[in-house]
Amino acid sequence: MFIQIEIQTRAKVDLIDITDRIRQAVAESGIGEGVCYLFCPHTTAGIVLNENWDPTVEKDLSMVLDHMVPETMPYRHAEGNAPSHVKSVLVGMDHFIFVHNHTLQLGQWQGVFFADFDGPRRRRVWIRVIKDQDSG
Amino acid sequence: MFIQIEIQTRAKVDLIDITDRIRQAVAESGIGEGVCYLFCPHTTAGIVLNENWDPTVEKDLSMVLDHMVPETMPYRHAEGNAPSHVKSVLVGMDHFIFVHNHTLQLGQWQGVFFADFDGPRRRRVWIRVIKDQDSG
Amino acid sequence: MFIQIEIQTRAKVDLIDITDRIRQAVAESGIGEGVCYLFCPHTTAGIVLNENWDPTVEKDLSMVLDHMVPETMPYRHAEGNAPSHVKSVLVGMDHFIFVHNHTLQLGQWQGVFFADFDGPRRRRVWIRVIKDQDSG
């Protein structure tokens, strides 16, 4: 199953919890055992797996990324969003999560965030859920 | 096949070589051609693919991560482990390795480490080995 | 399908666009729906998904990685390439891209780069394209 979800980000840097939308995609797939793949088709955004219980964690991540990838370096890319490209490479655009017993297998504190580093924009995430043919 | 291995880390920051345990899981799966998926269900730990021949490489990685993600920034997350969350995002919680001829396909110098950034704790890694149905 | 491509890098740090070679591997696989997996079997190189339209983006990425992983820290690894190991962990050695309608599914501005951080060398990338048995 190959589906696309849309996400409207609200700020230049914005992490949006999409865990429930991924769970819904897994439920719709009807697949009991397999892998759920997530792919971000943008070059200035990414997907983050991390704690979604305490919202300060995402603010801290954003602060550290700004420290690591300063806005003021002598970037050559003319569009002014070079740091956003680098941040997306660091967090990753492609992630997977197991499906077991028809359920997305996340750790107790884990959630899935769409991370925009050059918003606000209308963004997309592509999802594939693939069945493990040998596990039923 | 969906299995879980347990790892007891020994320090706040601890990289433990789990390559042999992954090889064993692949052998137990009986799968000759496919993909071995690794997932860390924690938010302050991750999985690292890198050199496991020279143990100084893991110490250098730990030192650079401390440089990139300083302990002393104005973090908001109250539990005091905000840097550990960020480090886990940077190294990644989900990785895969090919299985070919019933063997885990790593490069000559590559190994798999479980990386705890907020230990010592009892940790888990989830493993799925999925067969490529078209390659036998 | 499990294939290997070879890449000759030309400098210490060198990002080479391999998008067309990945597309070719997908075409040769004959697979219409599935996932294309990429794996770098080296410990001082990696694979980057990001913009391949403007070549300044790769130069900016390289500059920021040098900022994040300085050459002059007190590294213990004796071969002098410790920063290259860390950079490979940060960009990742394992990535996947969806295959849909016999086509590699990249975003409008996305491409795939082989990133050498300790070249020039003869390098390899391993590719598997696996069919989604339920999507034809």
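Each chain carries a letter (A, B and C) given by its place in the written order, and its residues are counted from 1.
Just so we're on the same page, a residue touches a chain if its C-beta (ideal position, glycine included) is under 8 Å from a C-beta of that chain, and two chains touch if they have at least 3 such contacts.
Since we're looking at a predicted model, the values are computed, not measured.
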Select the category (line, ring, star, complete, other) that matches the graph of chains linked by touching. complete
Can you give the rotation angle that fits chain B onto its twin chain C by Cα atoms, in degrees and rounded to the nearest 5? 120
Where the centres are mean C-alpha positions, what is the separation of chain A from chain C, in Å? 19
Going by the touch rule set out above, which residues of chain B reach two or more other chains? 68, 90, 92, 96, 133
Mind pulling up the chain C residues that touch chain A in the complex? 33-35, 48-51, 54, 56-57, 59-61, 63-64, 67-68, 90-92, 95-98, 100, 105-110, 132-135
So in the complex, which bits of chain B are touching chain A? 1-2, 37, 39-43, 68-70, 73-79, 82-83, 85-86, 88-90, 92-94, 96, 126, 128, 130-131, 133
